[in-house]
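Chains: A, B, C and D, in written order; residue numbering restarts at 1 for each.
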Amino acid sequence: MDIDPTKILVRYNVQKEKAQTPDQMAAEMYPKDEPAKSIAKAIFEGEEDDVIEGLEKAIEKGANPIKLIDDVLMPGMKIVTDLYDQGVVFLPNVMMSADAMLEGIEFCKESAGSAPKPKGKVVCHVAEGDVHDIGKTIVAALLRSAGYEVVDLGRDVPVDEVIAAVKKESPMMLTGTALMTTTMYAFKEINDRLLEAGIKVPFQCGGGAVNQDFVSSYQLGIYGEEAADAPKMANAILAGKGLAQLKDMFHKH
Amino acid sequence: MVKRYTSMAYKNADDMIFGTAVHPVKAELGLEVGAGYVTAEVNYAPRPEAGVSKEKLVSEYRKLTTDIVARAVQIGFPAVSLETEHVEQMTNNPSWGGEIAHVQKTILEEYHEEYGIKCGLRHTPGDIREDRDLLALIGDKYDTLMESFEAVADGGADFLSIETMGGKEILDYAVLRNDVPGMIYAIGCLGGMDMEMIWTDIKKIADKKGRIAAGDTDCAQANTAMFIAGGLLDKNLAHTLAILARVLAGSRTLVGYEAGAQGPGKDCGYENTIIKSITGCPIAQEGKSATCAHADVMGNLTMQVCDLWSNESVEYHGEFGGTSVQCWSQTLNMDAALMNTAIQTGNAKVLRDMMALSDKYRDPQGYILAYDNAFKVGQAIVKDGNDLYLRAKNAVTETIKILEASKKEGKLIMSRFEQNALADAKASVDALTNEKDTFMSDSLAKYKAEVKVFRPETNYKW
Amino acid sequence: MVKRYTSMAYKNADDMIFGTAVHPVKAELGLEVGAGYVTAEVNYAPRPEAGVSKEKLVSEYRKLTTDIVARAVQIGFPAVSLETEHVEQMTNNPSWGGEIAHVQKTILEEYHEEYGIKCGLRHTPGDIREDRDLLALIGDKYDTLMESFEAVADGGADFLSIETMGGKEILDYAVLRNDVPGMIYAIGCLGGMDMEMIWTDIKKIADKKGRIAAGDTDCAQANTAMFIAGGLLDKNLAHTLAILARVLAGSRTLVGYEAGAQGPGKDCGYENTIIKSITGCPIAQEGKSATCAHADVMGNLTMQVCDLWSNESVEYHGEFGGTSVQCWSQTLNMDAALMNTAIQTGNAKVLRDMMALSDKYRDPQGYILAYDNAFKVGQAIVKDGNDLYLRAKNAVTETIKILEASKKEGKLIMSRFEQNALADAKASVDALTNEKDTFMSDSLAKYKAEVKVFRPETNYKW
Amino acid sequence: MDIDPTKILVRYNVQKEKAQTPDQMAAEMYPKDEPAKSIAKAIFEGEEDDVIEGLEKAIEKGANPIKLIDDVLMPGMKIVTDLYDQGVVFLPNVMMSADAMLEGIEFCKESAGSAPKPKGKVVCHVAEGDVHDIGKTIVAALLRSAGYEVVDLGRDVPVDEVIAAVKKESPMMLTGTALMTTTMYAFKEINDRLLEAGIKVPFQCGGGAVNQDFVSSYQLGIYGEEAADAPKMANAILAGKGLAQLKDMFHKH
């Protein structure tokens, strides 16, 4: 028995694939000048060694290592995340590019003997009782790729620890992940405890079990549908958006 | 005057198959029904809270429509159809239903454009023609109902349906009293008369707006009987009587097609196999993947000759696997994929027969609705197709005959109780006149006396 | 030492069929699995509120167990099996799980006695062996886990299962980095080592208590990869890599049987077709009627050679058609009825092939898991059955080969992206050593450096 | 293609059918003496005319018509409802027997020129917005067969009307039926309005959409799973059971 599958199913992913390859699309986005171009390419390909090599050359030629972070590494990474947002490259590419970029940043910091001011700090965690942490890991990676400093509290994090970390780190934003209907209620408690303490940090919540209706039920909550919404929200906060505006932006349902 | 069916669309029962109908129909966004493949028809109900305002209701339907099509694309399904069964507010305020149809159709258009997925949309206004304990089939509510059909047709609904209620005031009384002549009167005669009126008007609207008058279902009567009959161990109605209500529905629901409906017939019309055998129009059906909505004893069998495959209804809410509409739509689409594979590999009849056999001997209802027997019932109906009473009576007589004959074969084992109910039914039907006029006037007198909510003068066009 | 599989239980892929296994197993209340018929295995999760106390939890399971069996009797299903996947409290407090098993078994006994319905009960304690971000595979938690197995066996559970997590600390890292050697190390090597330890002990308990050590699933790793891979349009992991995780799971999950497990293998082990081809033990599977729990791209295909047919999990709540467990159990049972009809009418292979074909070309995952290809993967595993590393690597190599070869046939159309991921995987696997020791020590060094939560010394028996 | 169905399904109803026929079982339960025996048989068979005929004979022989109701008609009907409870006869038999018995009661009342004190009065209704009334019709019929006076408010009954009826009729019990998740909330409102008015009548609620958890959430509510629970609860009230005890009896889940 055999079949002509085109009569019974459609591989929409194949149909929708862009004519250009990711490499071609990335190439069009690389900066014109060297070594920025090679570094961007090395980031795209996730080749740490090539990133460092490029940076070394640039510094030799007199570039300011700290300026390289903002002017070369971050825009190079942005090519990758933009292509991810467009559905052209997949998550592992982002992860590997981020690894390469982060090594580059380390190298620049060492070369400069000083650290740049990060764009902002975000605390990430998985709800108490919940071990499903891959979504959180992705969120953290995408935030880092976008230039944010991430304090990753890990999974199964007691409410007390979340509150303590927020007090200690004063982040611009807090994220929570929960994949079980039993664990997501911790988010409400975190919200209440934060408000009690007078802390109005935007608290983006996502993960399989979580939905917008639930997140809307507590004041600081903003629903995050997919991991890429986390850096988007951080950017929006930097751009001065308040809680109400953030809800407006991210509550699409 | 409507054009009665006096012959069968199919020569043999064996010619009937899922996915293909003699007269396929075509929706706007590429979907064809009955044209060689089976498609899922997804049904849903808004959460109670969503009913408080028009805005909330629109937003609920926007969400669930997107959920369904998005999931279909994720899994690679080539087509999907949606059915919106109105909650009362949507029909009583025709503009609500119309706007929701429009919002849904717009989403389907977007996905059709972006991915090429074939889509269909059915709207089923509620039969609002009642007033507390009384039916109010003709009058103001009728006019509002027709406005609702116009509005959803304007909004973009491809298929127009309704579950009409004519005869129900008598059925509710008769079914709890094993009163088979009363069932014939309720379903076959009164139900048919009401359908003739309303479907003539729905057909006009469909033609005017370029939509498809799809078809009715005897939900209000035959399904009521089926649900009262319940599972094997329920004791509220013999299943041998529930199937009599069903075959009567075959005669009744046919009237919609006689008034111009073209299918796909409504999912919960378990009489649709009979209808398809007579009309050759495509049908929707529901069964094992509609357990979210109800339990029946023929979950595979109803797939046997379906063209759309439905989940009847599920409340919109979250499940581990996504929202309820995503879950059930995926299950339906997978069932459809199996049927379409059977079609493409030349095994459709094998699969059809397995589906039928898996339930045929589970219950008298499945036995009669198995396509071979359903075909015989169809023949009995068209034999006197011009006489609403006689053809209904024929359907019952034929059904009793088939069930009695089954005893020889020995595969359908009926309980003594079911057999007795059948024997009583036979006795009461054998005693009936063959004259429509006699039957009609006798019944009118009888039920005016016995059923206090019966208002024949104001509810039916005599 | 466990007894490794170095040959196949079936001569040909075509000999494999649903409902029949080479080595059927028998539960206490009449149910046989793999003995010529397919049975529904119903899964459920208590509502969150029910977790607050032991009493509430017991009452929740009492209700849902009754619901399921009562519905089965109403519709005339000859058999039903239940699986209780523990919530954490039930494993951490062994007496809770034990009492719930007892309450459930008692209900099953009552129905079995009154109606003769055949029943089975599986309990699946949670793998509680972890400590926040760290695995804690050996130690106190291990002892509690074994107590839990003893308790549920005493309580009456026929089938003992678990979803073990060995290797997951590496997989979670590797899978997000397209790191195929890391996946081999995580699933094939570490996962296999952990399973050898735990299943040897589970088997002892099963023998002591007269229960059946049923089997494991690589839920923690292969399913994680499958979910990250998601639908056709998701962009988190190439589906060509997700299937590599799956075939690795074939090598890993096999270890349970090598330690004495007899099946039915756990429902969410999509590697079970491979397992059945090697061991001849019966398997549970899930697919199109488990959409309540998750979405996958092979809903019919997984039915191809199943012996139990499961819905994976549904939260206990109301639906229009009854409680959620009643709805899904009826759908499953109807699917089973169709398969059993196919068996009885001599059409099992036709139905099997239609199920497989309906999904085989939907996705690279379905392509490899189609029973003919899965059988080839099985052969690749047993070829070096004595070497956990080599057989895992073989599974990957064979899979890549089959996928590459598929291009000629031209029916499975992979996206360029999927093809590239496959090519990269091939390059990295081709570069691997054939020496287990070299691979193990290289990997140990690499991941100790890269993965900060990796604790090889305390978690694995070297 | 054909099949041996015994390999794929079990008709448990056939298997469980008692060896004796309902007629035989009923016959064993009829009273020994005439005309009580004939009347009981006539009720069982739903033959109104035979019931009246039997009653006429009894009255001719000097029986007190009102006593006949309690001594002959009610016990005759009880045979039917007992067999229904045991699953031996089906609902239509009960409905038809009840019709026959009720005609008999009418006849006795006319003969006596007076009415007996009914066992108690029950108000039945279907929730506002809901037209699904068959469950309610069954409940009302079973209550009547058990000798209760039923005030049937019909379907789609506004809350105000329910409250007014309870105030007017002072029933020993109120029943509500709802088959839609949208309509059952009316029961809560009825509960609150009754309590406001200081009326603590037991309020049994059932129907497809309704479940025990929901009914437990308001004070007067007692869950009714199947129609036969309605006369059982009325009997329990007559036997002096209070709300807490009724909940104990009927909340099995």
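In the analysis below, a contact is a pair of C-beta atoms (placed from the backbone, for glycine too) under 8 Å apart; a residue touches a chain by one contact, two chains touch by 3 or more.
Here the structure is a predicted model, which is why all the values come from computation and not from measurement.
Engineer: Report, in whole Å, the distance between the mean C-alpha point of chain B and the mean C-alpha point of chain D.
Structural biologist: Chain centroid spacing, chain B to chain D, equals 32 Å.
Engineer: Indicate the whole-number Å distance between the mean C-alpha point of chain A and the mean C-alpha point of chain D.
Structural biologist: So the centre of chain A lies 64 Å away from the centre of chain D.
Engineer: Distance between chain B and chain C based on Cα centroids, please, to the nearest Å.
Structural biologist: Using C-alpha averages as centres, the distance is 40 Å.
Engineer: Provide the C-alpha centroid distance between chain C and chain D, rounded to the nearest whole angstrom.
Structural biologist: Distance between chain centres, rounded to whole Å: 50 Å.
Engineer: For chain A, jot down the residues that touch at least 2 other chains.
Structural biologist: 1-4, 8-9, 11-12, 16, 181
Engineer: Could you list which residues of chain B touch at least two other chains?
Structural biologist: In chain B, the residues touching two or more other chains are 73, 76, 232-233, 315, 320, 337, 340-341, 345, 347, 350, 353-354, 357-358, 362-363.
Engineer: Please categorise the chain-chain contact pattern as a line, ring, star, complete graph or other.
Structural biologist: other
Engineer: Once the touch criterion is applied, which pairs of chains come out as touching?
Structural biologist: Taking the chains two at a time, the touching pairs are A-B, A-C, B-C, B-D, C-D.
Engineer: Under the touch definition given earlier, write down the residues of chain A that touch chain C in their complex.
Structural biologist: 1-5, 8-9, 11-14, 16-17, 21-22, 84, 87, 89-92, 95-96, 99, 129, 131, 133-134, 137-138, 141, 154-157, 181-182, 185
Engineer: Quick one: which bits of chain D touch chain C in the complex? Just the residue numbers, please.
Structural biologist: Going through chain D, the ones touching chain C are 1-4, 7-12, 15-16, 181, 208-209, 211, 253.
Engineer: In their complex, what parts of chain B are in touch with chain C?
Structural biologist: 45, 71, 73-76, 230-234, 287-295, 297, 299-300, 313-315, 319-322, 326-328, 330-331, 334-335, 337-338, 340-342, 345, 347, 350-351, 353-355, 357-359, 362-363
Engineer: In the complex of these two chains, what residues of chain B are touching chain A?
Structural biologist: Its residues touching chain A are 37, 59, 63, 73, 76-78, 115-117, 318, 320, 337, 340-341, 344-345, 347.
Engineer: List the residues on chain B that touch chain D in their complex, please.
Structural biologist: 48, 51, 87-88, 130, 132-133, 172, 176-178, 224, 228, 232-233, 235-238, 315, 350, 353-354, 357-358, 360-363, 411-417, 421
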